[in-house]
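This is the structure, below, for whatever I ask next.
Read from first to last, the chains carry the letters A, B, C and D; within each, the first residue is number 1.
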Amino acid sequence: MNTQNGDALGVAVVGAGYWGPNLARNFQASSMWRMQWLCDLDEDRAKRVLGNYSTVRTTPSLDDVLNDDSVHAVAIATPPSTHESVALAALDAGKHVLVEKPLADSYAAAERIVNRADELGLTLMSDHTYCYTPSVQKIRDLLADGTLGDLQYVDSIRINLGLVQRDVNVLWDLAPHDLSILEYILPEGIRPLAVAAHGADPIGAGQACVAYLSLQLPGDALAHFHVNWLSPMKVRTMLIGGSKRTLFWDDLSPLQRISVYDRGVDLTPREELNLEDRRAASISYRSGDVVAPALQEKEALRGVVEEFADAIRTHRAPRTDGRAGLRIVDILEAANRSLQFQGAVVPLRGAR
Amino acid sequence: MNTQNGDALGVAVVGAGYWGPNLARNFQASSMWRMQWLCDLDEDRAKRVLGNYSTVRTTPSLDDVLNDDSVHAVAIATPPSTHESVALAALDAGKHVLVEKPLADSYAAAERIVNRADELGLTLMSDHTYCYTPSVQKIRDLLADGTLGDLQYVDSIRINLGLVQRDVNVLWDLAPHDLSILEYILPEGIRPLAVAAHGADPIGAGQACVAYLSLQLPGDALAHFHVNWLSPMKVRTMLIGGSKRTLFWDDLSPLQRISVYDRGVDLTPREELNLEDRRAASISYRSGDVVAPALQEKEALRGVVEEFADAIRTHRAPRTDGRAGLRIVDILEAANRSLQFQGAVVPLRGAR
Amino acid sequence: MNTQNGDALGVAVVGAGYWGPNLARNFQASSMWRMQWLCDLDEDRAKRVLGNYSTVRTTPSLDDVLNDDSVHAVAIATPPSTHESVALAALDAGKHVLVEKPLADSYAAAERIVNRADELGLTLMSDHTYCYTPSVQKIRDLLADGTLGDLQYVDSIRINLGLVQRDVNVLWDLAPHDLSILEYILPEGIRPLAVAAHGADPIGAGQACVAYLSLQLPGDALAHFHVNWLSPMKVRTMLIGGSKRTLFWDDLSPLQRISVYDRGVDLTPREELNLEDRRAASISYRSGDVVAPALQEKEALRGVVEEFADAIRTHRAPRTDGRAGLRIVDILEAANRSLQFQGAVVPLRGAR
Amino acid sequence: MNTQNGDALGVAVVGAGYWGPNLARNFQASSMWRMQWLCDLDEDRAKRVLGNYSTVRTTPSLDDVLNDDSVHAVAIATPPSTHESVALAALDAGKHVLVEKPLADSYAAAERIVNRADELGLTLMSDHTYCYTPSVQKIRDLLADGTLGDLQYVDSIRINLGLVQRDVNVLWDLAPHDLSILEYILPEGIRPLAVAAHGADPIGAGQACVAYLSLQLPGDALAHFHVNWLSPMKVRTMLIGGSKRTLFWDDLSPLQRISVYDRGVDLTPREELNLEDRRAASISYRSGDVVAPALQEKEALRGVVEEFADAIRTHRAPRTDGRAGLRIVDILEAANRSLQFQGAVVPLRGAR
């Protein structure tokens, strides 16, 4: 395959359901890509997605895509249970691969995809779209540059009247977004240690429709996630407490998505105090300003397809690589086990 | 003691710290009461609370209060660890008793107070102030009259930069409010079954400063509580999902405190479907109006002192009696045990 | 031209600047239309709008469009000063015409367009997009069916950091949206009587950048509009007071765009009172529920292009026809005159 | 009268209606004052305000108050039409005077009060309570220290379901709050030049119930006020545009009352550009952070009573003196004249 710098890379999108059309639109809008195919078992659906004025080809056959030498990369937006087979076939055909979240429906399957890409020296990227939003990038920066101080707690809420699914619970449906964000903003070397999950299926759907996930983090920090298909209120917020400042992200706010509070509780370590002071209260309160940093307006998925192209061309791992996707699946599997055992704490592989 | 109908009852408030002044103000404003004493070990504090223009007497001595025949009832707003001794002394002196939440600092102590009041035939009331707000009353009504349908989930958030305490964790400090509300709105006969709690002390305060509490309810329903001393954002919300409608309560909203959503997910029970339909999706979505019911403006604590007076006069149990307080302490003790064991599920006494 | 029912109509979009791309996208998405051309003097801009995968043709020449028999209609999204010449040319070539707001840059020009379309029996439609939103449709319905009662006042705010323009003031830029909404929701036969405008140009742009417009309505009702290019806060709200209920529309609210308040002030007419009561206060207050009606999610511009097609096919006036556009220009011209004379009241032509 | 430093001053509150009780509470809470009387023609109302536990005396007779040598100052919270006679009587009795807004019901009456206080060398203070809030103080500071730059526009909204009054329109009822704030924050020497007002009485109350006020300020700046008794939505906001930053004040926001936007439009003056650049756009946009400054929590009325005491003791004019109240009445009178003449521009006395 010829991928010399400056030329657009050929790409095919597989899956024309909910997410595939967004990928197709962004690949077409990027000068780094030349979109060749939109592939779906239901070819009419693919045609409807493209509309009546498009020169992009459609096919129901994955082979058409994989046999096309002008296709350098495949973006997979099919149901999670098919990710492994499509991804392995694409890798075996020598294509770079972008996979929608979650990377696969089990840790074992996700690991096989990661390993195959490694063996073949091909780029494998997880489509963790939120990590490419200006908001999440800003959060990551404010943690990395010390503005927030040490991470103390994360409280995430993602609730909405959602499509209740038969084959996957609400954690697998919604939490990958938030877990991929946490994974992306956590400082180097800090990884969740263990998981506990509580869920309920009050409508009898056969799957947890409301769930809470607690992640133990080093240093007695705690990350907690609320995901819910049944709420008529749409909420997408993340509160990130740090030792210096606390950040609140409201992804739906029309006016102020990120607020950084210079307010909080400080505790003077007892060893720093002399004998008399140790008895006295060593707790103090900060009550400073709130700053809402300016954010760029940019579609995150545009950043995804550009990162994918750049990673392929420069033979480097993308910012959200296959291993990032694998770590999310690790947490989701552990959460399912915790749900089975009524909230029991389950340690993570990555923490072993 | 003479408590004939129509006459004001004499009352003393014990404790002039954070909550006592509110009790004192409301007893003075009610024609059902005649406030006789404000008692605090620090009498100067009591004097400062009353100001320079008051005819109410102060004393540092509980005996002064208990020996005064014009005092029919005592309202206790001292630290939780002292509730048992003050309450038992007041009951033994023949006084009716109102106790600030939590009723006591252990289940055993709370039970002793409840039993003593029973033995002596005196009124014991838990000051669960929130239960007397127009909002909570409306929520209770909408559950009781079937508007919301069966309870599916409760998600409660009470976070704020709070006074970090040395002797009690954030669950004992803040969750009693929300647990008393849950206790009050739950339909007759429905009681929480078990508790799991997750907490963190990222500032090294020696107590959990951030905590999450999950309560299992009958029918695979779930109640979940987030309490937090470290958040610079002040949030006080409760989302109550029902099989017919979902209610959102935002206690800090200046414009719309309660919203009732006629939106949700419906699942047709499989047994009601014929063979062909059972394979098809039996999930449907409602997308109706949102109604914000009109609420009265009334100070809740006024309702507390009036309920206390009326319960004494009519020799009936108050709406939030001692047993209601006891059930809250049961949950708090179980939550502490769950925290010790990293989130293990702990069954409740009331569910045995 | 052949426009038999069932066949898609051919359309060309003229102008590929800010609004043209939205029109182009919606014409392509509608099965009622076959988009033939995107025309712009800067043909490269037109090509960039369509992207690399489109079969739609571009041209810098209006003649190419007007000479094409497959083009039944032309949608004009060029600068307002060019509307008259493009629209008249299109009408003279036998094309139906859709014109972006404002219809023209003067009343005289707008009137010439309206008259020409009438003479030629062609459809002329004003692209008053907001009138095709579910929100405005609901507002119109609630006024028409009597839910709100008689209109008492309208308070509209549309402020945002906007593109300060050299050739047109903020009223001509932003107020057409709100005036077209008012025009659309007002009951049959109720028309504004007179206009007063106040403006300021504190940055020295040579045009009013902040302006307020007051419209006298029959029955001592008042409509008031605030438009502002300088506000960093983005606000788009309309408060519509009625004798029975009041409606608040917040177009940017992620959760609740329309709220209908059953709260207000009632005055018993004095003639309905007997002599004793006339001295007493005859004012009463309603304090009922707030209802947020369910709204469909639909792109308004899709409704515009469908209405345009249907009006052409059924030889009827579109809901927002040329005369509606003319009435908006009447108000804008009167507002400019009022600005010149420091807020003097200027009567409207329509009211004569 | 003996007012040596350190001693509390004696004060009487006249009027126990809506505002008087707030004054009474704050005088009692301040160590700078000794409250002697609450005076109301309806003495029972005064007694009810004080409650059953107060040592403060009541009287229906103003003479009782004025003849009492222990009374150094009188705070007037009676209806506006009585302000002149009560204030003059108090001044003539040698008492310092605090008057609720508006200072009087006409410019002539207000001027007589101001002049009498001057002649007698007594302190006359306007109770412009909002000027003593932490929010307004912060706004004044940010204008004074140049953070906001030059004032460009002010947009104020104060709407709420209000008590429709028979003898005064909504401008006289509500706008004094906002006008006193404007008066207080405007830089030294900058005064409104002229007024235009538009109003409506759609319920037939006999008074404008909805009104808009425009104030011309030097430098083509504009201040605009919306006051409304009929709105079921309660809104209290002020948007203050400056050449450097824009401030938004939402007095009802539970979380963020003041936001300072470093976003806006800049215009490079043409004379600073060379010939080529003058043709190019000289408009640029800033898109910086938003800062919500920390604000103290303090009851404004406490600040009023302390300022009153301090002004008396130090023989200086209070921050909101009688002349400040006089300027507000000047604007209100001009607004009434503008309403009579359908929005005609009326110049202010202060601007002559």
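The working rule: a residue touches a chain if its C-beta (ideal position, glycine included) is under 8 Å from a C-beta of that chain, and two chains touch if they have at least 3 such contacts.
All figures in this text were calculated on a predicted structure; none of them were measured in a lab.
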item: Most distant chain from chain D by Cα centroid; value: A
item: Chain B and chain C, separation of their C-alpha mean positions in angstrom; value: 52
item: Computed distance of Cα centres, chain D from chain B, in Å; value: 41
item: Chain A, residues touching no fewer than two other chains; value: 233, 263, 290
item: Contact graph of the chains (line, ring, star, complete, other); value: complete
item: Residues of chain B that touch chain C when the two form their complex; value: 256, 259, 262-263, 287-294
item: Of all residues in chain A, those that touch chain C in their complex; value: 28-29, 34-35, 51-56, 233-234, 252-255
item: Residue ranges of chain C touching chain D (in the complex, touch as defined); value: 150, 152-153, 155, 159, 161, 164, 196, 198-205, 209-210, 212, 214, 219-222, 224, 226, 228-233, 239, 241, 243, 246, 248, 261, 263-267, 269, 281, 283, 285, 290, 342-345
